[in-house]
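Below are structures written as structure tokens.
In the two complexes that follow, subunit A is the common piece, with subunit B as its partner first and subunit C second.
Take a look at the complex of A and B:
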């Protein structure tokens, strides 16, 4: 490529990247502004006085003494919500991946009724929007007396993530030749040994891709948390931060600081796992 | 094998079966023991409800604009990102990033960016001289819909980019070399090689995005709550509203089943286009 063409391309890409990243850059800038600077017009692009007040309030409890009788400020729950989100997304991912891996393995290695149709049911299930089954699931949680528990959320997220994980693992196992396993079986290894020592290592990239997908989906979900949970201390992060809008005035610095903190785990995960994620998209979204 | 079938049954089939059952009963969550069978009453209620049709039309606007913009911008970006350039991976990473940002975060950011009084978008547009008066983005119907579409395009264009980029990388370079030898210019090469090669994958992506966008809930709900008024309702918000605000679980489920039928129709289109599952029959 000629140098001037490359220069133009860099400029165009740089401009586009800036526009795409602007909402998040603006969130970071806002989260570092003191309250009076936020409401200034015209707005300052970068805070004149950088303050970490918003982050301090979220991470180390309310710094402003709440008015008597006002109850606990929603921001005081931030760390609890953060913990809840970690528990439910990791929990549901573990369950989803375990079921998906075992199921996909059986689907590609044993013959039984329904073997052909299960993966296709799964991919159809993946297309069903969760707003359709969130209420039936909620009513079931009511009758099982599980509402407002983290466990009910875990089950809900398994419901959203399992179809795609199953599909992904199935596509993956289908590409793994069966001969090595058969040779090991002939040599006297048990099924379980074969699975642990031959199949799992080979399947690892697929497992990683499916896990990332599942973590992102359950970390980002709002609907299930909104419908299933009631008490402030049981909310996942996504539902919790929407309570920051409850008061009479909106604290934008607090809001932007929490959106930065909420994005951070996914950004780190994304940074490390980008390649696997793209591989997963390839297997799931474009066939072949 | 048995646990597998039980798990698939419990997590995949059962919630949907339950949704279908609910759509035929009257169910008020405050009186869970009374669930009289009402036949097609819920469906008749839905089809007779002006709000349902309003939501349906708005869903078409929302889906149409979102999908077209995502496809155009997505293909454009994918072509740019496909160029052999040093440091391209950094651009790829940053441009794919919106896809993993939680919807709640985007909605919060959007409410702040598009804030009528002190939002940066109004400030930038005014100082660039494009507008003279502040636009009340989220409290006028058309502008609220436009903001929601922009949010959707921002978050999901990366999906199109990923898929198209993956396909671009599999187009044999010999094709381009041969065309160059024959004297075809860049535009000609794009029209006669790139586009036809992309056609199939683009069709699949567009069907996927249409199906998903049509039924999106969180993007709209978190940004506008369907408002102002009901001007940004789509069917998902309608179903949510019936179930939660009006406590008509049966009616909510019935509109859910209607969404499901529309989705199945979309899937049939998808299967036709992609020849989904065809290789299995020959195997």
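Take a look at the complex of A and C:
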């Protein structure tokens, strides 16, 4: 590449990186500032006095005794919300992946009515924005008496993640040659052994890619949590942290510290799974 | 000692009939090749024997054991696939040993057997590798090892050499033949390559459109083709098939009588078959030779192919020594070797024995 072309390329990439990273850096910076410094003008890019007060309050409870009669401070719920978010995103992902994997396998391996159209109908369903589903689904939850339960959120997330997971796994299984399964059958393996020992290991990159997709969607969701849930102790993290806003003030330090902590699990997951993710989406892209 | 007997075996996919009431016996310990053009049903037949397809009608027996109702794993067969079908996530040792693993063979015994097979196939140094780290020839060997390790009653091979380059293919032909002689396992081998069929087989089963055309030794199918299909399919360059007439009991090709006695009762319209190697080019006007004009001359190494036009749209190929010179449009004559003539009834396609 010519030097000036490289310079332009790096300039563009640098600008994009800055735009993407700046909010995250700003959040980290703000979360480490004492309250007085947050609103100082001109703002400091990096805190002059680093404090972990916001993190301490979120993780180990409020240091400021709440005024009598003021009830429990929202920050006291942080760990509960965090737990809720983990339960619903892991739960919905497990269900989504199990159904998607089994369904995609049968769609590519067995002959039955609708075999060809199901994956396309699924991807079409995925293209409908979830805002359109959320109220009909809420009414369904009401009639099932499931509102304000973590289970209702799990069901909701399964509904929005399953179509794409199914599509991804379907594209993946289509690329797995049937001969290796036949070879295993001739070797004496049962159908179940073939699936567990031959098919699943081959499909692992696809399963990981679909899982990460499903985890991110359900972890980051705000809409379903906002509509389905109302008790403080049942909120997912995304909805819960909005309680750091109230009519009179916004606790930016808590807000930003929560955001940073909320990003951590996904960032760690990405770090470990990146390699598989690329392989999984790559397979889907080529074969789909 | 396991022979394979198929009786009245039919297979249809929807309205498409691939095998038509096929009867075939593969004798024990023999190397039998199913040979035919693509779509002739040879692979389907192999998959029926393996149990990967269910027959529409008929039965299959291994010895006196009826197997067409058994799943593939209970038939004690091993199969080598065209694509090798190695398990991509397992290393070579586990690929070879997987059949023993699912049969719960003790670990020590399994390792010993895998090691023994790997030694024979000269792939001991590859046991820790994954299939994608192997070359085509090495994958081929692993696939063979996986088939050999279980000591199956029957080997089934579906065009196992077709993905190898020409040189390796020639070498593997010899090796497969040696393995078969050493192990003595009944083998059913599918190919569309007549060279493989001729060089490796005890018996060749020539198939076309779901029907067995001829079963015989390589010498038989080459030297005594049972019908027009076999005559035209076996041999390179293919046999010349020339329309001929019977006039007053004398076989006549392009107006020239040939001194061949034809049994009584033969139809008056016939097809004469003669291999290019059995056609001599002689001087025009030689007695008993059919006159013609050289159409094209092709040198193929030690031989030369001379195509002679006897009449409009009636051409015969002669394979002669490369030293034989001929030019396009030379006036020559051909003389088929009467000892190597084949005569067919064009209505039925069947050979008429002379």
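We adopt the following convention: the second predicted complex is superposed on the first by the 256 of 288 C-alpha atoms of A that agree within 3 Å, B and C clash if a C-alpha of one lies under 4 Å from a C-alpha of the other, contacts with A are read in each partner's own complex, and residues count from 1 in each chain.
As a working rule, contacts are C-beta pairs under 8 Å (C-beta built on N, C-alpha and C of every residue); 3 or more make two chains touch, one makes a residue touch a chain.
Worth saying up front: this structure is predicted, and the values here are computed from it rather than measured.
Here subunit B and subunit C are compared by how many residues of subunit A each touches, and B touches more. Residue contacts after overlaying the shared chain place A:146 against neither subunit B nor subunit C.
Look at A:186: by the touch rule set out above, it reaches subunit C but stays clear of subunit B.
Looking at the shared chain after the overlay, A:259 reaches subunit B, while subunit C stays out of its contact range.
With both structures placed on the common chain, the touch criterion links A:59 to neither subunit B nor subunit C. Of the two partner chains placed by superposition, only subunit B is touched by A:124; subunit C is not. In the superposition on chain A, contact is made by A:177 with subunit C only, not with subunit B. Looking at the shared chain after the overlay, A:16 reaches subunit B, while subunit C stays out of its contact range. Taken together, the subunit A residues at the contact with subunit C in this complex read 177, 179-180, 182-190, 193, 197-198, 201-202, 204. Subunit B meets subunit A in the complex at residues 1, 3-5, 7-8, 11-13, 15-16, 18-19, 22, 27, 29, 32, 77, 80-81, 83-85, 91, 93-98, 100-106, 108-110, 112-113, 117-118, 120, 123, 127, 154, 159, 162-163, 166-167, 201, 204-205, 208, 211-212, 215-218, 221-222, 236, 239-240, 243-244, 249, 252-253, 256-257, 259-260, 263, 267, 274, 276-277, 280.
Here subunit C touches subunit A in the complex through residues 50-52, 71-74, 77-79, 81-83, 85-90, 98-99, 102-103, 146, 150, going by the rule given at the top.
Residues 1, 6, 9-10, 12-13, 16-17, 20-21, 23-24, 26-27, 30, 38-43, 99, 102-103, 106-107, 110, 112, 114, 116, 118, 120-122, 124-125, 127-133, 135-137, 139-140, 142-143, 158-159, 162-163, 166, 216, 219-220, 222-223, 227, 238, 241-242, 252, 255-256, 258-259, 262-263, 266-267, 269-271, 274, 278, 281-282, 285-287 of subunit A are the ones that touch subunit B when the two sit in their complex.
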